[in-house]
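When the chains are written out, they are named A, B, C, D and E in that same order, and each has its own residue count from 1.
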């Protein structure tokens, strides 16, 4: 019998200017990464509310990654600096609550870094896969 | 009357747990007391009250009503209630026993709330007299006898034994199953305890609080009292009093979109919340004063009006202990209650 | 530190009322027992003489009431303990009340008592609580008078008092204190040292008791939104009662996050929680992280300061570093 | 009780017809999946319609119980559920539970009475149910006057039915009014309260005494109409109205729709004016 | 409830190759609200767009989902299509099933499943889309060109010739840039000065061009069409409008030991100087770091000799504020520093020089008046070794070099070799190369001439080490074709140093909020379709600041950038981005948090009257967003704890709906 391979659900928030373009570049260069990764385009990483991240976990995501322009490169000058603070605090809080810190990540990917985007996603999916299903921030109702 | 020595209590609880899921009050860290599902060897708390009342067993904080699956334009309703299992709640005090009577008036009135009814039918209440009522207790105000609560089985715990008496058929059936761990007994010790309790009740600081001024058809007398404004001034509009209250039963029905369908559930709501009565057409209770008034008018006037004079406060004192700003029904009654409560 | 008496405060209020400097007084009103003190508005000295109290149970932080009070006509007198002044400033920073309509009298505080600790110590049936300098005498229905050490029944937050200094007032009664070196982060540090599994179990146990009464939010001086996102059907996260452990966490994480950098650590959330959830440990975690990552910051220490979450430096710690500090 | 089985569990029904009555009012015809009426009701009762995931809301039943084929709801677009319904198409399934409330006492107090129906705007929705009930049981009632007004001609709900059927019914007097002059309108112009007074003033004392008024509309209209009717000698015992307040469960348990000790969803929504007066002022 | 149409594009086989487009359109057709679903070979084609327009009309669609390539590619196209069919363009959402699906997944099943999820996600979003109408803002008809090299010069001239005003900001005392330092240009070997200086004069004389030389951009705010720029005109202590450029002061100045940067420090200039004879503006500048008068207050020679009385030691930096409609970055390049390349002995021997230094050595106006001599001893070199790719294409040595190809080195090295051999046939020339890249018009012919006609020795291989030995340089390298190690005794070694963007580019990019790549080259809005625009609206790119370029390429890009600027400035009004922040006044508590994080200052506060309970009036402080200033980053939406702030087009509910759809 065929054993179903565990396929994590990964939500990737990508800023429109750098990381989404980086993801596009990965595509243009045919750099493969797992299909489990689904990208949501946001204007800037600073548009990502911690609520969205928790929402993703509630809805059954096993990992959430947030990609933005490199610090200093934000299309909106300073958006990713705020993102960095917000996420540093949020992730630290999640860890404090005993939630696996590997399930959340922030990565800076520029429009020119298609290869980095693909490599990041490959690595992130592998990390989340090794953690298994998200049990600590799940809402069982959603899985029904 | 049946008796079971305290030294034998583990056997007693194990026996009950064989027949049904047993919940007993348990001491937790930092003085917390809560009902816990009994597991072998668990020690029962001697505390007067659990932090949350026995209401939770029959009217839980959230409960699924049904599920929907939708596809295209069609809808399918799935009634996915699980079969309720028999359960026993041990050590329910007089006030909480009475609170179930209050809830019954609401949920078992036509049209019957089958969710509540189902649980009520499957639950056996073992009540317990209060040997050490505390300063916030005022069940006597509403005619409740803390020395003789009447659950399905009444229970008295003395220094060395539990004494049981079946009150209802359900209680009898359960008690019969406990024959092996109980023995027959006279009522001497119990009567002594009752006397003792009565003496204590007479010393409680709130023993003189009277509800006579309140009751059915007193709406006009209190509704427009100027005191409501001062009383409600500091109210935060949180739901603490309503959620720790054993008789508050307001609820909301909400839909939750799951990944596959929609779950309709109900959850506790509070008349103290600013959006409780909000609707697209407007808000009939605009300020906290109106919401505050609603809660106490309901307990002291509206409910008695609709239920033959029965108050929907049982004097358990939880709100007195828990209100963040220490405003409570006792202060309301004393302020509004005129000469009787001076 | 000198003990402030009820009479001294009434005298002060009487003077201000008669001078016409204030029109009413926001103060503590006595209750049924020794400890159930209620915030109340006093319109004249007579009302104060009747019901006004100030003592070991006057812990409530009144700052938030100013949002509502300053919308009314006239000027209100408020008594501020040192920790209250931080909330006072924070609310001012956020333009939440009209400073012109408030006369703030700073009063010293040597710590408030937690009635729950007394109840735990003496059991049921408390008839009276009389406070002395080092001890508290409690008369109970069952065991007569018991004497407790004040230090043993101090509120948790007062044991970790961060400051005896008033950072805002129009007038001060008594002498001002100092900002203290508190050990308030010890508990957080203890949790941080646990394994992830232990922490998870700890919080699961704590948060699962939440009944979503919103007392923590409604008392919080930082939570002064017109409408909380958790009450707003359009926010997409509205919920009334936590249906499961996820929603419990969601509410408390987001609430803590929303007040991160704005929370003055007044401790009201934990004080009012009917389920005794140590909510301050969530807020303190953020405060501790902020201090570690971005340098010491005390919300409310000064009016108009820029909170850490609305600020940045180019060299800020990366989120990955923030969560991996303990690994080495 | 009526045919309510599990009070909170609805029945799946289907929208079989949608009629645009005014720019913001649509009338929905609802049947069970096997093509029957979802329930038997009394005029003035309400039912809870819902789309899972969107919400549940209470609407008055606009069709008359004498209609044996279907029930209808006339719904004004104003909130979340109503907006969704307005966007729905024929064939869409919805859930229905009810009917709820007491309804008008058509078989008791109203019998043998002359009827004066007064409605403003969407307020005609619950009243239409009674009007048609009365028309279908014509022998049981005396004379019928209908005073109905709206902001403009386009906002008159059931305009076609009013013109084609009610106006052509010789046993019914229809008095229409709109708030402001409008091209293509040669009828009465003015607010409902004044118009009612004009119409009812002409009643002789005898008729006034045996007339029962049914009143439904926006609060301001109700206030002034009551005042007007009072001035020309109507008693509060002769006037009925219907409230629609913040109902959630529909069965008097969830705790939000009470006015004093009365639950609108259970003890109402129809109240006689004197009963309403006895309730505290919180509606 | 929306009536949604779904259009799945095959993109030829680009999508259809790994995604079963039929299955996707079938599956999405069953989603709630979807009333029409189809697939087609090329949705972006005229036929595809017509199909969309027709479906909108036939099915009365209110929302459109296109499953196709990246929205960065064709979102605008399809929005226009929708608008043409009468529905609001912002009711269109794109599911990116090419770049983020078909191109990265090989398995048909996997690709199809993912495409369906992405489609559903877009549908979920469209359900919550609302029609958006962009605001309008006026256009200031003046352009700013930052950098006065050949790129900036060309851009400025083209814009000015089209009738618009242009200001050039150049940080050096003269415009001209790198090209002014060059001797001859490849492949035509015409003299750089001969073709550049007339253009410099054209700029100076153009009635619509102003030159701010010795100036820097200090601050930029505003947005496309409406930039507010502060320019710092550095004090040059010479009155620009008075100085005649006679040059007398530069001869009399007693401070003679100032390294001459124009000649790359190979000779000296005075403390007061004119960089070169054809400088524009031809005005002297006092180098404050060296001027004795400015440092000690004693000297004043230049002032004494200046008959025009142009010297002003009290001059201060001047700040000029000007409004611009468009900004062109033309900040150019520099050779990288050779400090880290110890193996080539650059810092040990004066006779190891860079190509740009060689350029000056060969230049008639250079330090040796065009005579090729060794910098160390002035002796004519008989053996020269050119080393190519020093720091270029240096993937393994990223910490000191660059990963990219600097593009111009092959050609200028061929030029240098050829010119050397032409002028000094007795000099033996060897070039070490990795690859010789000659993909330009007449380029390969040029290179072949160097090899075949001029007898330049080209050796494929890298130089491992250069070590000075006496007055010789021992060059150790490998010949990959002969497969042997070489040891060459050379008199002069010329390093073709990699080029990198000017250091001023990064702080400028930050000011302009224009993005950069990891190498600090400006990023273009699209590498192929919008190569001369920055993603930031109103910012254009000219020359090597966008990537390594030779002169013809630079000039053509400069012209292209000018064309884009002209296109922008010729509009009277700009329609803005409607995806801006919006504050729900009923929810706002006026706490000022959002204002603090807004990078554009788009948020202000106002006390407004609201209806309170019981017919009372409340005055509340609430946030207001200036839609013309807001750029739609959404930072405020997260800062706002009450959720009063939301972003149109990327509303919280929309993003959450997307999250839900993905996690289903």
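As a working rule, a contact is a pair of C-beta atoms (placed from the backbone, for glycine too) under 8 Å apart; a residue touches a chain by one contact, two chains touch by 3 or more.
The model shown is predicted, which means the values in this text are computed figures rather than measured ones.
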Label-sorted list of chains bordering both subunit B and subunit D is E
Hopping only between chains that touch, the fewest steps from subunit C to subunit D number 2
Two candidates, B-E and A-E; the one with more touching C-beta pairs is A-E
Most remote chain w.r.t. Subunit B, using mean C-alpha positions, is E
Of all chains, the one whose CA centroid lies most distant from that of subunit D is E
Ranking chains by how close their C-alpha centroid sits to the total C-alpha centroid puts first chain A
Chain centres from averaged Cα atoms put subunit A and subunit B apart, in whole Å, by 46
Note: subunit D sits from subunit A at a C-alpha centroid distance in Å of 54
Chain centres from averaged Cα atoms put subunit B and subunit C apart, in whole Å, by 30
Residues of subunit C that touch two or more other chains sit at 229, 236, 243, 309-311
Touching two or more other chains in subunit E are residues 597, 639, 652, 656, 660, 663-664
Where subunit B touches two or more other chains simultaneously, the residues are 70, 252, 256-257, 259-261, 269
So the touching chain pairs work out to A-B, A-C, A-E, B-C, B-D, B-E, C-E, D-E
Subunit B partner, complex, touching residues on subunit C are 31-33, 35-41, 60, 65, 116, 119-120, 123-127, 141-142, 209, 211-215, 217-219, 231, 239-243, 268, 271-272, 274-276
Residue set of subunit E touching subunit B in the complex reads 30, 32, 613-614, 660, 663-664
In the complex, the residues of subunit E that touch subunit A are 70-73, 96, 98-101, 103-107, 110-111, 113-114, 117-118, 121, 506, 509-510, 513, 515-518, 523, 535-536, 579, 597, 599-600, 631-635, 637-639, 647, 650, 652, 655-656, 658-660, 662-664
In the complex, subunit D touches subunit E at residues 84, 87-88
The answer for subunit A against subunit B in the complex is residues 59-60, 141-144
